[in-house]
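Shared between the two complexes below is chain A, which has chain B as its partner in the first and chain C in the second.
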Partner chain A sequence: MSKYLEISKIYMKTQLVWRADVIFNMIFTITKILFAYLLWGMVFQNTERIGQFTFHGMLSYYIMHSFLSQLEMSEGISGEIHDRIRNGTFSKYMVIPVGIEKYFIAMELGIVLFYIVFDFIAAVIWFFVFQIPIPFAAEGFMIICGAVMTVLGMLFMVQLNYFLGLLTLKYQGIGTFLMIKNNLAALVMGSIIPLSLFPEVIVKMMQLLPFYYVTYLPAMLLIGMCKEEAITGLIVITCWCLIMQLIISMVWKKYIRKYDGVGI
Partner chain B sequence: MKKNIKKNLCVLRELLYLRIHGLMVFRFDFFAPFFVDGSLFLIQLLAFRVVYSNVDTIGDWGRGEMILYIGTFSLLNAISMTIYFFGVNSIPYKVRSGELDLYLSKPVSPLFRLTFENISPGSVPLIMMSICIIVYGIHMGNIKITLAGVIGYLFWIMIMAVLYYEMEVMIRSVSLYVVSMARLEQMEEACLNLCMKLPGIAFYGIYKIIFYLILPYGIMATLPVQRMTGEMNWQTAVYGTGIVFLFSVITAVLWKQGLKHYNSASS
Partner chain C sequence: MDHTIIRTENLVKTYRRYKKKEGLRGSVSSLWKRDYEEKTAVNQVNLSVEKGEFIGLIGPNGAGKTTLIKMLTGIIAPTEGKIDVLGYYPNALKNAFKKQFAVVMGQKSQLFFELTVNDTLRLFKEIYEISEEDFQKNKNYFVELFGVRELMDVQVRTLSLGERMKMELIVALLHNPKILFLDEPTIGLDAVASKQIRNFLKEINREKGTTILLTSHYMEDIKALCKRTVVMTHGAKIYDGRTEELFEKYQKNKKITVSFDEPVKCIALKTFDAALMENSPYKKVYEVSRQSAKDLLTELMEFGTKDIAIEEEEIGVIVERIYQEGSDCHE
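Let's look at the complex of A and B:
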């Protein structure tokens, strides 16, 4: 366990090298919120409520969602694995005495723990800039459920990106597929518009998928909405984490023999 | 002048030949821009379909105008991807690595070669898809089509494609002056992401100054749509052409002065 903590600490320290990145990441979160502010500002000129949202409720959702999605930084894992398998340097991870998947989880943890403070500051600043009352859920139960679901959601995304990276063992190039996945993820994780505005049938279908629980439902819980979905949400995302782990084991066993390393 | 155009056309033909030859080696990558950007704009359409299932209009625009807007932005992006994006996008890398030397030492304009050396025929279906979205938008919005409207729309698409190109070149020309320009590219991506979702009619006050004047991404698809729907007045037309002219001058100056700042890496 201590070696994984060391990995997390190293990656946390590494982020200090990229101080400008941290600041600009904070600043550019405004574009998502500005999009919501201007678009929904026009929409709410003619109506007071859309679905379960008021104008302030909608902006709160986008700020909270933006905070959580900034923390979800596992996208680089699939790219890293893809590049290293293609050029043969994936051996770097195979020769060190750690589990490779656990290495990436520890890495992600270190990065997230570093960024969480800055992203939280950014979220609070945007609440003040756009003059929205900070809408934290009044019940501790919803906050705890939201926080646990966020952790599980991020774990799932690390697993998913690890799995996609491993697919390079089978398919030579998955770069295009990863970019398409990112476009789709923006929609199904509620980054563009809140998922509850979709037709009911589609929402029900999305509730069966894990992406609903990565940033959308945690954001809703943290602003005090969708309380009734909290427990089922935790169960569904836990099941998806277990399923994904099984898939990863199968893919690893089946395809790792195809890997040609260099530089050992 | 005539001789110069003829020479450039010959260079363009050779660049296109070399590019297609190179692309055939990686056949799946050939259509990658189509799959990636195609999915992006289809998702955009889907998202606005959901928004419009909850409201009738956004500002003065109904569903048809918004689809037309998304199609128009998609078309501008497709033109960029097909003709110049991959070439212009490589400028910062070529400056850092010193590879720009090879362009400066050839008897053809470096910017001309950089612009056209990475033409992407695989993005052509993206243009077709954009045209389909535009036709669908016109149909949904019951927009009256006139010959003058279509010609006007094509004229605005053409000059906004020039503006789109100038913005890309201008931002990447900064790499001739500074060591790292990753932030500027990040800013460009953020602004494009915002403006492809949000029509210019949504901007007001300080946001209008930013996206209509300083970083004019807000007018790129808005003006052609306004021309097509008949919302454009002469002041907007003059403003739009003025902005394109202004950014042409800024881009030319920035590029030419930047070349004087360029420190070769190989000699």
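Let's look at the complex of A and C:
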């Protein structure tokens, strides 16, 4: 276990190397908050509520969702695996005594921890400066469910991107797969507008997909909404993680023999 | 008692590769019909390595050296044949197996370029589950041996190629591997750095008893380090024996390059088997048999030479000669 902790630490240290990146990342947290404040401020000028959201509810959703989306950075994993398989340096992971998937999970954790710490500090400072009242979930149950779901959602995305990266062993290019995933994820994760504003039948369909539980539902739970979906949500995302793990093992066993490491 | 730690029998690796006809037309037609060809990179190789040996693996580009190393380290799976390294089938990629060897590939780094070497070493301490005591002992040993103490806390990206290769070796050797696979460790290094690396490897093999399998294009590496050499070409092993014997038997000539202060038009040589390869007033290049090299040098010294360089024959020439002399595999 300590080896994976050290992997997380080393990637966290890597994030801290470039001081300008750290500072600008903290400063730019405000742009999203300001953008949300201005946009939804204008939309709510003539109305009290949109769907089940008040102005502050919408602002909270937007900020919480942005924060969680910012933490979801696993796309780099598929890119890294793809590049390394293509140029033959994937062997770097194969010759050291680690589980390669676990290595990537630990790597992601290290990067995410860095952003959690620094973005959280930045967000608190900005909330304080702009005196934005944010209604968070009052119930511990919902906060715990939201937090656990966030972890499982992130894990699923790491698994998905790891799986897509491994497909390079079979297919030379994985651009199409990534494009499909990105488009589907952008829609179902509720990055544009809260999914609850969609027709019910569409939302029901989206609830079958894992992306629904990556940022959208955790964000809703953390701002005190969708309590009735908490338990089923946890079950669904856990099932998706297990299914994805099974698929990864099958793909690894089947395709690792195709890896040629580039060059004779 | 059997000290064999690497054993392969009739090992074969075949790659399937896609062939495309030239031009745009070929690219378009490849959309629905593709031709593939099989390339045998390693062909029926039998190899047996004993504990503590220092073996050189040489051959021209595409000979199959790197493929063989990749199979021995489990990076790729063999197509046919038997393979056993430290009692494991390498491509099973068991952690217990991976803890017992290390691989350094000249152009593939294990270091984190943004961080310091100390950071990477700390990571590898955990990855290989090395106790703090052994970690400190090994780290200090290698840091002293390589003379890099002042470089341990600087960013890897700021190191020179030679310094970086030393760091790669420290990272690789930290867990006291039983086998060290080295693929072109001196590639791109200058003469001084190459010599230093060679000295370290010799020391590690002697002091720690580490079995080392080295591939290199540089004859100096092989000559200075390896008691035994395996020569490969077109995927097959064509020589496996003492390095000394290989060079005595097959490295017949030396290349001597002389430059002059004053222009020298023509030199009538007494040394009968010296062939003039390049001729200009200020520089002449000769190929001469090893036996006559001394005589040629003595003769050339009389012409007021400014500089003399003596080079060994390239691997390709030796491989060709082994082929020509019909020397098959002699074990």
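Throughout what follows, the second predicted complex is superposed on the first by the 232 of 264 C-alpha atoms of A that agree within 3 Å, B and C clash if a C-alpha of one lies under 4 Å from a C-alpha of the other, contacts with A are read in each partner's own complex, and residues count from 1 in each chain.
Basically, contacts are C-beta pairs under 8 Å (C-beta built on N, C-alpha and C of every residue); 3 or more make two chains touch, one makes a residue touch a chain.
Since the model is a prediction, treat every value here as computed from it, not as a measurement.
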Exercise. Which of the two partners, first being chain B and second being chain C, lies in contact with A:183: first, second, both, or neither?
Worked result: first
Exercise. If you stack the two complexes on chain A, which partner ends up touching A:46: first (chain B), second (chain C), both, or neither?
Worked result: first
For this session: In the overlay, answer first, second, both or neither for which of chain B and chain C A:35 touches.
Result: first
Exercise. With the two structures laid over each other on chain A, which partner does A:173 touch: chain B (first), chain C (second), both, or neither?
Worked result: first
For this session: Please indicate which partner A:140 is in contact with in the superposed arrangement: first for chain B, second for chain C, both, or neither.
Result: neither
Exercise. Touching A:193, do we find chain B (first), chain C (second), both, or neither?
Worked result: first
Exercise. What residues on chain A touch chain C, complex-wise?
Worked result: 2-3, 5-7, 9-10, 13-14, 17-18, 88-89, 91-92, 94-99, 256-257, 259-261, 263-264
Problem set entry | For the chain B and chain A complex, residues of the former touching the latter | 26, 28-29, 32, 35-36, 39-40, 43-44, 46-47, 50-51, 53-59, 183, 186-187, 190-191, 193-194, 197-198, 202-203, 207
For this session: Quick one: which bits of chain A touch chain B in the complex? Just the residue numbers, please.
Result: 20, 24, 28, 31, 34-35, 38-39, 41-43, 45-47, 50-51, 173, 175-176, 179-180, 183-184, 186-187, 192-193, 197-199
Exercise. For chain C, which residues are in contact with chain A within the complex?
Worked result: 15, 39, 41, 62-64, 66-67, 70, 73-77, 91, 93, 95-96, 98-99, 101-103, 105, 108-110, 112, 114-115, 119-120, 122-129, 155
